[in-house]
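The two complexes that follow have chain A in common; it is paired with chain B in the first and with chain C in the second.
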Partner chain A sequence: MTNEFIALAVPGLLVLSAVFLLLFGLSSHYTKNRGYYITLGTLVVSFLISASGVSEKHSMDLLPGIFNSMLVYDTFGATFISLFLLGGFFTLAIAKSFIDSTDYFTHESFVLLLLSLFGMVVLSMANELITAFISLEIASMSVYILVGLNRDSLKASEAFFKYLLLGSFAASFYLLGMMFIYAQAKSTNLDIIAHYVLSTDIHSQLLIIAGSMLIMITIMFKIASVPFGAWVLDVYEGASLPITAYMAGVFKIAVFAFALRMFLLDYIQFEAYYDILIIGGALVTMVGGSLLAIIQNSVKKMLAASSVVHSGYLLIAFASTSEDTSGAASAIIFYLFAYFISAIGAFGVLSYISQGSAKTINYDDLNGLARTNPIIAASLTVFMLSLAGFPSTIGFIGKFYIFTSAIEAGYTLFAIFGAITAFISIYYYFKVIMHLYFKENPHMKVHYGYKISFAFIVLSAFTVLWGGVGTSLLFNLPGINALNELARFAIESLAM
Partner chain B sequence: MSDSTLLSTLLLSPLISAALIFFINMLFLNPRQSLFTFLALTGSGVSAVLALIVSYQSYFHAQVFTSHLFTWLSIGEFTIELALKADALGSFMLLFVAPVSFLIHLYASGYMDKDKSYGRFFTYFNLFIFFMFLLVLADNPIIMFIGWEGVGLVSYALIGFYFEDIQNTYAGNKAFIVNRVGDFGFLSALMLLFIEAGSAGFSFDSIFLSLAQIDPSMLSLIAFLLFVGAMGKSAQIPLFVWLPDAMAGPTPVSALIHAATMVTAGVYMVARFAPLYTMTPDISLFIAYVGAFSALFAAIVATRQYDIKKILAYSTMSQLGFMFMALGVGAYSTALFHMFTHAFFKGLLFMAAGYIIVAFHHKQDIRELQGIRKSLPLLFVMMFTASLSISAIPPLSAFFSKDAIMGALYASGHVELFLMALVASLLTAYYMFRMVFVLFYSQKTQSTKKSSKSMLYPMVVLTVLSVFAGLLNLPELFGGNLNISNWLNLLDKELLLPHAKELLLISVNTLLILGVILYTYKRYAYTQAIHKESQENLVAKKFYVDEIYTLLITQPLHYLSIFFEQKISHGIIDRLINLSALYYARAGILFSYLENGNVRFYALYMLIGVVSGFVYLYWALRGVL
Partner chain C sequence: MSSLSLIIFLPILAALFLFLKRLNITVVKVIYMLVTFTVLYLSLELYINFDPEASMQFVVLHPWISEYGINYHVGVDGVSLGIVMMNAILMPLVAIALYKQRDKKGYWINLLFVQGGVMGAALSLDLMLFYLFWEIMLLPIFFMIGLFGYGKKNFIAMKFNIYTILGSLMMLISILYIAVAYKEQFGSYSFALDELKDLRLSSGESLLVFGGFMLAFAIKIPIFPFHTWLSDTYRSAPTGIVIVMSSLMAKLGTYAIWRFLFTMFSETSHEVAPYFIGLGLFGLIYFGISAMSQTHLKRMFALSSASHLSLIVVGFFIYDIYGLIGSSYLIVSHALSSAAIFLMAGMLYERTDTYSIAMLGGIARIAPKFALFFAFFSLSIVGIPLTSGFVAEVLIILGAFHYNIYVGFIAATSILIAMMFMFRMISRVLYGELRDATAGFEDLRMHELFALVPLALLILAMGIFPNYFIQKIEPTASSYTSQKEAPSYDK
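After this line comes the complex of A and B, so read on.
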């Protein structure tokens, strides 16, 4: 397969499948099951196609004759695309039980999911500001609607409107920033802007600096960093559990793809200006997130708040990126994977045991689960350990890379601070484990059924453990080293 | 079968059978006992046969078996291999460890008959031989340490085997904790060795090659710390207190672990590090003195014990003391040879004790077991033989091994060591025959009908071995040529006596021992002397060692930990944490006021963020503007 084919096939397949489902949904042959499996199949195939492009280092301007250098296809993009396609696949696979027990997952919901993934794919290939904006909005719009999918729920509708309103507000900063940049560099193409920045002095770059900061604000909004992420609790709570998992685990990956592409190379000269902003953002994000997480009663809200803390860790690594520490950037990729597999698993367990009901799951609802469903409880424990960064889970390795890269970049104090918030996070994560194992059980054993959801929860838990201890000692499965190698490849391909 | 497969099979077969027994025991409610017996005996039997092959090849063809299982750790240039090596020393250890283990397995299948934890027992038992082989066959100290810890762990589990009685668990704890002190020494020594000599690989051979570059005082420290490990494992002063208590375990455990194999690991380790100890004569002498005091101390205490197993436990400690004396003066192969014969006669003695215990309703006090000769005639013969052997009566096996030790001590010129050994050796005859005469020579008679063939056969084999095993290392004096010493080829010091002097020494020694036995006969056979012994004097109270340890070590530690728990942990740390947690929770509640659900506020926060970002940018760029 040529690289052009891979680059076009993935978004093409997603759009075609979305259009097909849109039409098929109206025919009498449509059932929810068929729609579900078509979507799942599309994700598998497109993941396999895109994964075939990550093993080697490559970078190409995608069909400049047609796209006029708007899109670039490289290992970096391919890695990110594979990551969130995998994430989408896991989310959907685990959500099977939830989707079947609710009635608001119509065929449009699958279409929207595919379209949002399409937007993310284009976003991670975008080499131009307008293309990036449009694809980001395609993805965001689809997610807005997915949040408000359950029209009978007031909370969901409220979340939808809040998210839409604030999202549009944030998007306006992006547009303003893009305008600033265009005003000075006379182009929206990232390569040309980079060339302009390199060939002029600081006096003719002021607007670019200001404009880039505005774009960064949109990015920080999307990853729910304090103070731009105040929406996160309301929206995550209002959205149904699979969608929350999708937003927390998958959407972030695509946003970071663009952020890294934009800031890692072309704007690296401005590092001195941005780093303090990002680090400041990371600090308030970590503190704010853990403060919020610590007082929650609902497990879902706790996970939502704690996802803010994880954004904080990612921001630390983001600030640590510089020309000579490609370690920080690959740490981000690794951490994104580590976080999405753990978070999707954790949300997945919640959606699995909620059986589609809209009732909030409090800590007390988990009491004694270890007795009635030991495997599910053990998986949830593994996810909690990983999120808390406990050794021998993938979450530990992820945090290890992030803090190491921060120390390498000279941010030792912030790494220590991150470690302290990780320490605090043990409180709210281990509370879950405590309720699972050490509280008396008030309810009876429930048969949840849905082997596919169950299997993928267990598979995620296994992946979390494998990523934490995996070596090639016993089996020839790729472990930490392989993942790390992939991440490094991806980052190096950016510079090609 | 290739050499390396053979060695791996030898190591792994008990592990596999242990795993099988474990799973069968876990998964099935009422598994058949015969299945467990079959698995356990196959596991240990296969390795016993293979061990005989290995030592045969090693002895006659000087073949060195090696096997590389996998690379355990690989950090840059440095690797730790899970590699096995059966050189002469290793093969020699296999020669008695594996067959004795098999025999004791056979014995245990009778002893543990119809026990409700039959499966659990043999899981541990097979696991024990696996770790013992790992310890003996390891090609580097790290793997040796794994085996070392493994046997300690299994020993702990087996001492507390009948955990329904809390006292047994305490005994297990005591053994484990005291051994941790020794392990601390061993581990520290390994770390120092690693720092000093680890750069060129960490197998035994490469360590010994780079010993010469290490500073002598550091070398002494390493040698000392290694010996601290040996003290713990081999129950020498001051770390011996666990061994008498370890008799709480089932008797086959005492026979296998606390007499024949595990407790000799310390002796083996010192012999393995012989190149190190030949370079540190001071530490070697220290070892000899520790051994001498242990031998003497244990022998004295054994003279006032009444529990049949405790007498044997102190006797084990005393014999180990003899071995360390020999190691200390540089007679490595002599020490190992005594370990070899000791495994047979001490294993036999313990098995006999276990047989008596089973036959007489778990009575262990020799005062209650008087007069059992009529009902157990064969047992009497075997126990009498073993006692003659341990007392070093010619031509039984321990005569050759112990006499070689006495000769080496005398030749080394340390007369005080020689005299201490002599006294200990005479006391050995005294406490052994005190036990024999009380048990078997009495007006009273007790009868029993219980007997078990599978318990008896291994004892017969061991009786034969404890009579004849000594011939393997016949000294020149008796027309032999020290086969085993030549085979082992360790860095023995030349400690030769003129033949006339040696003969004199042996004769005097033997006469003295015979005299002691005669005296013991007068005193204990057909008398009530055993009932008249004082329970209150220093010896009967074991020199108050346990009490002194409690007073000096356990109590202060106890008070210290209470202090730390109540004052430091609860009083300061917990309060600080609770305080900070309280404020954190309050801050969280305050912060949640910001999350008030109003979109206009959220947008305001965003604006605040944007504005502060620009203020910062303006400040950062002020020089340019």
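After this line comes the complex of A and C, so read on.
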């Protein structure tokens, strides 16, 4: 497959499938199961196509004649595209039991899921600010609606409106920032801006600095960094569990993908201006997220709050990026993968045991799960350990990369701060484990059925463990080394 | 697979297998026995093939995360051999003693898991690998306290967990810091112990890094101000894991001081040695005196064990060949004695349902065998002649006198203090009037004897023929003290 084919086929397939489902949903042959499997199938096929683009380093303008350098397909994009598709696939696969037991997953929800993935795919290829904005909005709009999917729930409607209003408001900062940048650099193309930034005296680039700062606010909003992330608890709480997982795991990756590309290409020159801001943001994000996570009683809210903390770790790595080494940037990619697989697994377990009910799952609802469903409890334990950064899980390796790159960039104090945050997180993650294993449950064993959901939860747990200890010496499976190499290739292809 | 890797991973894999398979509890126990005896066999083989003249042996090296220079790198030398042997000997004996009482699958799975973790931590020569096992070891302990503990077990499991992880995370940052510093000086990351010792850090930096490591070790041992988790945890933990904590985990902390801090920060270690000797001596007396006033049997043993661990720390930090040998000898001998005494405390509890010293008494009258072993193990902790503890303590105290006469003097009082609380305890528990709790006290059963007799024989053997055991440690120890003059030690 040529790279051009891959780059066109993946978004094309997603849109086609979405349109098809939109029409097919109205026919009498449509059942929820069919819609589900069509979506799943689309994701598998497009993942297989996109995965063939990650193996080597490459970079090219996509059909410059038509798109005028708006899109670029490189290993970076390919890696992220594969990540989104994998993430979408896992979310959907684990959510099977949840989807079947609720009635609000209509055919539109599958269409929206596919469209949001389409938006993210284009976003990760976007090499130009307007394209990026449009694709970001395609993705965001779809996610807004997915949040409010459950029309009967007041909470979901509240979450929907909150997210929609605040999200649109935040997006306007992006537009303003883009305008500033255009005013000075006379272009919205990232390469041209980068060229301008490099060839001009830094002190005369006031508008570009201000503009990128505004864009950064939008990014901070989307990744729910404190203080722009005030929406996160209510929205995550209101959305149904699979959608929360999707937002926390997959959508966040997409925002980071664009932020990384923009930052590494254009603004690495301004490091001195931004690092302090980003570091400050990282600190308040970690502190705020930790405080929020500690006081939660509902496991879902705790996971939502802790996802804020994880954004904080990522911001530390962000501040540690530099021109010389790809270490910090590839640490971000690795951590995104690590977080996504652990978070999707954790949310997946919640949605698996909630069986579609809108009931909030408190810590007490997990009591005694270890006795009734040992494998599910063990998987949830693995996810918690990974989120807490316990060794032998992929989350630890992710933190290891991030802290190493922070120390290398001279931010030893922030690495220590990150370690302390991780230490605090031990409390709320181990609380889950404690409830799973040490508390007696009043319930009898529940048969949840649903082999698909079960299988994918176990598969994610295995991935988490393999990503923590894996080596190609055993079973000839690609281990940590291979994943790390993938992330490095992706970053290096940016400079090509 | 090399025998070292087998020793590490066989128990872990067996634990995973047992977790995933639904088996009858008898089968679980049989598998546990098979695995631990295989490990014991492999360790004995290791012990016999161990060449006392060479330092690091049976080294296995595989790349793991190559970009960061992290390897699967294990090997054994005179000191880690001691820990490996302890671990291999104690685990099957614990099982024999508790064979009848523990009918929960999780108990045995966690014990297997912890055995593998301790083996891994003792044998690792790569810092990341060490960190991995060091942390993994914590999980089974956490689960054991929470699942099978007594009292406010959830709270205590959590407290223990959080406390130790704080130390570990600071150690992690230290590890990363030296790896990055190594990259700046030599061009690539490395976590290998024998490469990192070439690293040169400024004295301020190396003090901070040293502090990060030391915090982790000091919490696990525990050294004086970091002991607040100790008595609760020991009191609440089930017998199997108390033995693991006092005989293996704490010893691993002292071992790690030697293995990592003395190797990598030889100069800093020398600089801070007086402070740690001071802390150790203070802890020794402080824990000893606290032990005297305890009414709870298990807490008393916990504090007495902490007191001896402080002595081990002192022995290491005086940097004297006698001190080093004595400390590593005490690691082994105290592990044996305290494992035995905690086993017996568990048996006592199972028979009387109380740990309160005040409620016990007169056991010697109706259970002579129990009384004999109980007294013997208690005294072996104190270090009466003919037991292994005596040899070890004499060596440490000799070393302490070499270092400084006052240090030697205070170290020597430790035996006195230990005598005081042990004799007091023995007289109350074994002699005097029979109480309600001890009436009808059943003497040792056959399987309990099977577990205790080997321990007693080993303690006697190590006390009567110390040379045979010390010759395995001596070359390793002397390679560290020679370092004092010329700070380069070659493998």
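We take it that the second predicted complex is superposed on the first by the 494 of 496 C-alpha atoms of A that agree within 3 Å, B and C clash if a C-alpha of one lies under 4 Å from a C-alpha of the other, contacts with A are read in each partner's own complex, and residues count from 1 in each chain.
Note that contacts are C-beta pairs under 8 Å (C-beta built on N, C-alpha and C of every residue); 3 or more make two chains touch, one makes a residue touch a chain.
Quick caveat: nothing in here was measured; it's all calculated off a predicted structure.
By the touch criterion defined above, A:I209 lies against chain B but remains apart from chain C after alignment on the C-alpha atoms of chain A. By the document's definition of touching, neither partner reaches A:L16: not chain B, not chain C. Using the contact criterion defined above for the overlaid structures, shared-chain residue A:I192 touches neither chain B nor chain C, since it reaches no partner. Contacts of A:L459 after superposition on the shared chain: neither chain B nor chain C is touched.
Judged by the document's definition of touching, chain A residues 427, 473 lie at the interface with chain B and also at the interface with chain C.
Partner chain C is touched in their complex by these residues of chain A: 374, 378, 385, 390-392, 397, 400, 403-404, 407-408, 412, 415-416, 419-420, 422-423, 426-427, 430-431, 433-434, 437-439, 469, 471, 473, 480-481, 484-485, 488.
The part of chain C that touches chain A in the complex is made up of residues 19, 62-68, 72, 128, 131-132, 135-136, 139, 142-143, 146-147, 153-154, 157-158, 161-162, 165-166, 169-170, 172-173, 176-177, 179-180, 183, 189.
Listing the residues of chain B that touch chain A in their complex gives 70, 581, 584-585, 587-589, 591-592, 594-595, 597, 599, 601-603, 605-606, 608-610, 613-614, 616-617, 620-621, 624-625. Chain A meets chain B in the complex at residues 161-162, 165-166, 169-170, 173, 202-203, 206, 209-210, 213-214, 217, 220-221, 227-228, 230-231, 233-234, 272-273, 276-277, 280-281, 288, 291-292, 294-295, 424, 427, 473.
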